[in-house]
Amino acid sequence: MMSAMAIETGRNPTLLEVEHLTMRFGGLVAIDDVSFSAKDREITAIIGPNGAGKTTVFNCLTGFYKPSVGRLALSHPRKGEFLLERMEGFTIPQKADVARTFQNVRLFPAMSVLENLIIAQHNKLMRASGFTIGGLLGLGTYRRAERDAVDLAKYWLDRMGLTDRADNEAGSLPYGDQRKLEIARAMCMQPVLLCLDEPAAGLNPRESEDLNQQLLYIRDEHKIGILLIEHDMSVVMTISDHIVVLDYGRKISDGSPEQVRNDPTVIRAYLGEEEDGELPPDVEQDLIDDARRQET
Amino acid sequence: MATAMGERKGIDFIGIVKEAAITAFVVFVLALPISGLRTTAEIGGLGVHARWDKVAMYMAIAFVGRIIWSLFLETRGRHRRESSESSIGKHVQKYAHFVGPALIVFAVVLPFMPFADRYILDVSIMVLTYVMLGWGLNIVVGLAGLLDLGYVAFYAVGAYSYALLALNFDLSFWVCLPMAGMFAATFGMILGFPVLRLRGDYLAIVTLGFGEMIRIILINWYSLTKGPDGLSGVPRPSFFGLPFERNPGEGVESFHGFFGIDYSSVHRIIFLYYLILILALITNAFTMRIRKLPVGRAWEALREDETACLSLGINPRNTKLTAFALGAMFGGFAGSFFATRQGFISPESFTFIESAIILMVVVLGGQGSQIGVVLAAVVIIGVPELFRELQEYRMLVFGAAMVLIMIWRPKGLLAFREPTLRLFEVKKSGLFGRKQASEAAE
Amino acid sequence: MEYFTQQLINGVTLGAIYGLIAIGYTMVYGIIGMINFAHGEIFMIGSFVSLIAFLLLGILGVTWLPLALLIVMILAMMFTAVYGWSLERIAYRPLRGSPRLAALISAIGMSIFLQNFVQLEQGAKVKPLPPVVTGGFDLLGEGGFVVKLSYMQILIVIVTTVLLIAFSFVISHTTMGRAQRACQQDMKMAALVGINVDRTISMTFVLGASLAAVAGMMFMLYYGVIDFFIGFLAGIKAFTAAVLGGIGSLPGAVLGGMLIGLIEVFWSAYFTIEYKDVAAFSILVLVLIFRPSGLLGKPEIEKV
């Protein structure tokens, strides 16, 4: 049932349309005229060797960088169209409901797990507290809103299996749980587009498999689009509906996992010029891992 | 314990003495020009007066001190606590439920204690002023993590606003107080708006610059502030319209007259004491409450990770600005109180050192810890007051203490953070008990 | 025009002094990413050491001026360098890896300590010194206003230039300089390839302190009067200079110093002398708002 939904990609409307995205830092062109689109209720993976510009795409999408050229149009299912390249950084998550996680987890380490999830609902609660004044006076609206916020947080804590840790310092969690918490925090914003920057990095195979299930669940049950940067091919190939491949800041391939897997340009980009034909996936994986280790 | 004993090697006395000798030599070089050769004013210019005894004394202190320190480290071994929170903080926080109220009760009954003479009350008023300032600055530094080295500017704005309003428009303290707070908050916003996006130590320097700028303006804007001469005759507060003078003038009833008690100059002091106590408690209650509101949580989140806040759609500028403005507002209130208590203000009261002392109260207490601020204010303001003869060494010791405390406890004496909300209720000592048990198991 | 030229000369002289102090800020910031808050006090101690050295030389009867100046400079650099070294050792090294706030506060504490230490040991009164380097050229102007270029001013500019050249050589051509630059780039990596990071940081403080000592000596000779409080304002202004030039950049520090010196002198000459410090602070704020990376600094791209 689930897979059937995923395959019928034609049905889902386009959520994000990236056109001619270019990002220059001084003389360095980090992204060069990249266009792709991501559909609602689908997992779109962006892959590519290190330095291909994947995280830069994310940073443009979530307002950390202002693109040099390009149009980033988000079709919000309820609020209409947003042109992300024109919005000031923090208003993208605030108004256009785009959430993200970071390559190296960024939690609020001294605050509790639950607080991390409550802060994600800041704007909602801020309105409910009458921009602090109502909250200071102890109005009921705020207390109700806070209760709802805790309920939402509880839901995600349960999903991620973090309920027991709710009152612990976020910084004291083991690494895998920190990654989960970061995803839970992003989901507490109730986004329409979730951008995950290497969510499987540093996870063991069991945790990685667990993550796959979580992402599929988010896609199918919460009906949102997911944009995923990932090196772990076992994750990418299993759960993606659509893959965009970047190399040296340019898009070299775009299509379903099957198409991308067999695309000669992709294989060249990963394995060098001489190779033709497909390598066994485990060998491919090893090579990629080696490359990553050298880079970092 | 047994393994620790087994691992310990014999104490390396030669090494320790060598270290101590090196330390003494460094101290010799440091002290030789500045301490050893004092420049003195003589007829026809400066002369130099040698004081080898002083250099020798410093060297001896350094030598012995270093040996004691090394021995201390040796005996303590490698059992250094790695815990990020201070254990004192944990214990105090554990009893916070009754330490806080107990302190408040003590503060309320203090003026009626037999030992509470005028001097004790004066010192207490001072301490409470700094408690209030510390709590105000704690919003900015402790919660929002913005290092403000110019907090005294808001204190000054509050004091001058009150003095000028009261002197020129003859307004009462209770009208001027909120206005002074508003002025200070507005000032905080105006100053904060352009600079709050700066990173930590840039912000520190800029706020320091602002503090100095305000002082320079106060000194030079003679027509308004009377410059270095200061403003005198600032009206004293009255008890809801009843002044504390012995002879308040024609047709005005005085405090002692109204209540039919004998005149005593202590009445006013007691009144001022309660005034600042109430102001400080309001500051505390406000902070405790706002911490649990979205804006308070956002302050702490910004302190922890600004990038993550951006990704959650939190407006960093507005959030910081509220912290800055609210901190400034409480600084302004405290400034008004200062003006009405002193009756005289001049720019000399608002130097950088004042900012540093307030910051020290916050940092020594443990950033974000409300009880820590009280403890620190007592230690920093109260204790030196009791040793007045050592006044000239006060700032010296103060500076050294700042360095040593930061090395000893980079997070302050009572650094402990209680979450603003919990999913599970915790029995009073349950959490700590569990933690200790798990630590013991490891 | 004559008045302008005179102010220009005065501004460059003052700017050279600020530039020398600013280098210390810029280097320390470059390597540990923190403001050395006590650097102004190091400058102040430098000028006290030179004052004492001068008085001693006078008692010993060293009267040939160039020799006296050289000895004073060397002594000031040596003694002040030890202060710089101790400062890092006490206030910074134990706090490496602690929250930034902690290190900054310990540096502020150190600054307060040093100020009061000097006040206690040397007295709170100002210390006047009769002019040592006297005379100069009179560049006659037309309207009877004489533009003066004193030997002292020439000396300050020359010494600053020579030190800068020597200093740039040290940074770019010696092993120590290479280690210093490596640590600026990446402290962990530098440690991995066998650079003694602790020693390199110490050396940075020592170098910064010795330049500040020279600045302190120049200040003392130029103004003829010092007290324990001079480090505070000079420190803030030199820091402004470092930021204006682009923190982390050596030529930037000197350029910034010159600009701050010129602005301060021209502001005093054409506007109000009372508000000259306000002018310097306002510039600091404006620079930080509009060009946080300074004139010659590289803009930082934040990695997320």
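Side notes on the structure shown:
Per-chain residue numbering starts at 1, and chain names A, B and C are given in the order in which the chains are listed.
Methods note: contacts are C-beta pairs under 8 Å (C-beta built on N, C-alpha and C of every residue); 3 or more make two chains touch, one makes a residue touch a chain.
Note that the structure is a prediction, hence the values are computed from the model and not measured.
Ignoring subunit C while keeping the rest fixed, chain connectivity by touch leaves one piece. With every chain reduced to the mean of its CA atoms, the largest distance from subunit C is reached by A.
Central chain by Cα centroid: B, whose mean Cα position is closest to the mean of all protein Cα atoms.
As a whole-number value, the distance joining the C-alpha centres of subunit B and subunit C reads 31 Å.
Once the centre of each chain is set as its mean CA position, subunit A and subunit C turn out to be 48 Å apart. Averaged Cα coordinates give subunit A a centre that lies 44 Å from the centre of subunit B. For subunit B, the set of residues touching two or more other chains reads 307.
Contact with two or more other chains is made by residues 302, 304 of subunit C. Shared interface positions of subunit A, defined as residues touching 2 or more other chains, are 64, 102, 106. Contacts from subunit C toward subunit B in the complex involve residues 34-35, 45, 48-49, 51-53, 55-56, 59, 79, 82-83, 86, 90-91, 94-95, 98-106, 108-118, 120-123, 125, 127-130, 232, 236, 239-240, 243, 272, 274-275, 277-278, 281-282, 284-285, 288-289, 292, 302, 304.
The touching residues of subunit A, when paired with subunit B in their complex, are 62-64, 89-95, 99-100, 102, 106-112, 114-115, 118-120, 122-123, 125-126, 129, 131-132, 135-136, 142, 146, 150, 154, 157, 163, 166-167, 185-186, 189.
Residues of subunit B touching subunit A in their complex: 286, 289-290, 293-295, 297-298, 300-301, 304-305, 307-316, 322, 417, 419-424, 426, 431. Listed in rising order, the residues of subunit B touching subunit C in the complex are 26, 29-30, 32-35, 37-41, 45-48, 54, 141, 145, 147, 149, 194-195, 198, 200-202, 204-206, 208-210, 212-213, 216-217, 219-220, 307, 352-353, 356, 359-360, 363, 367, 392-393, 395-396, 398-403, 406-407, 410-411.
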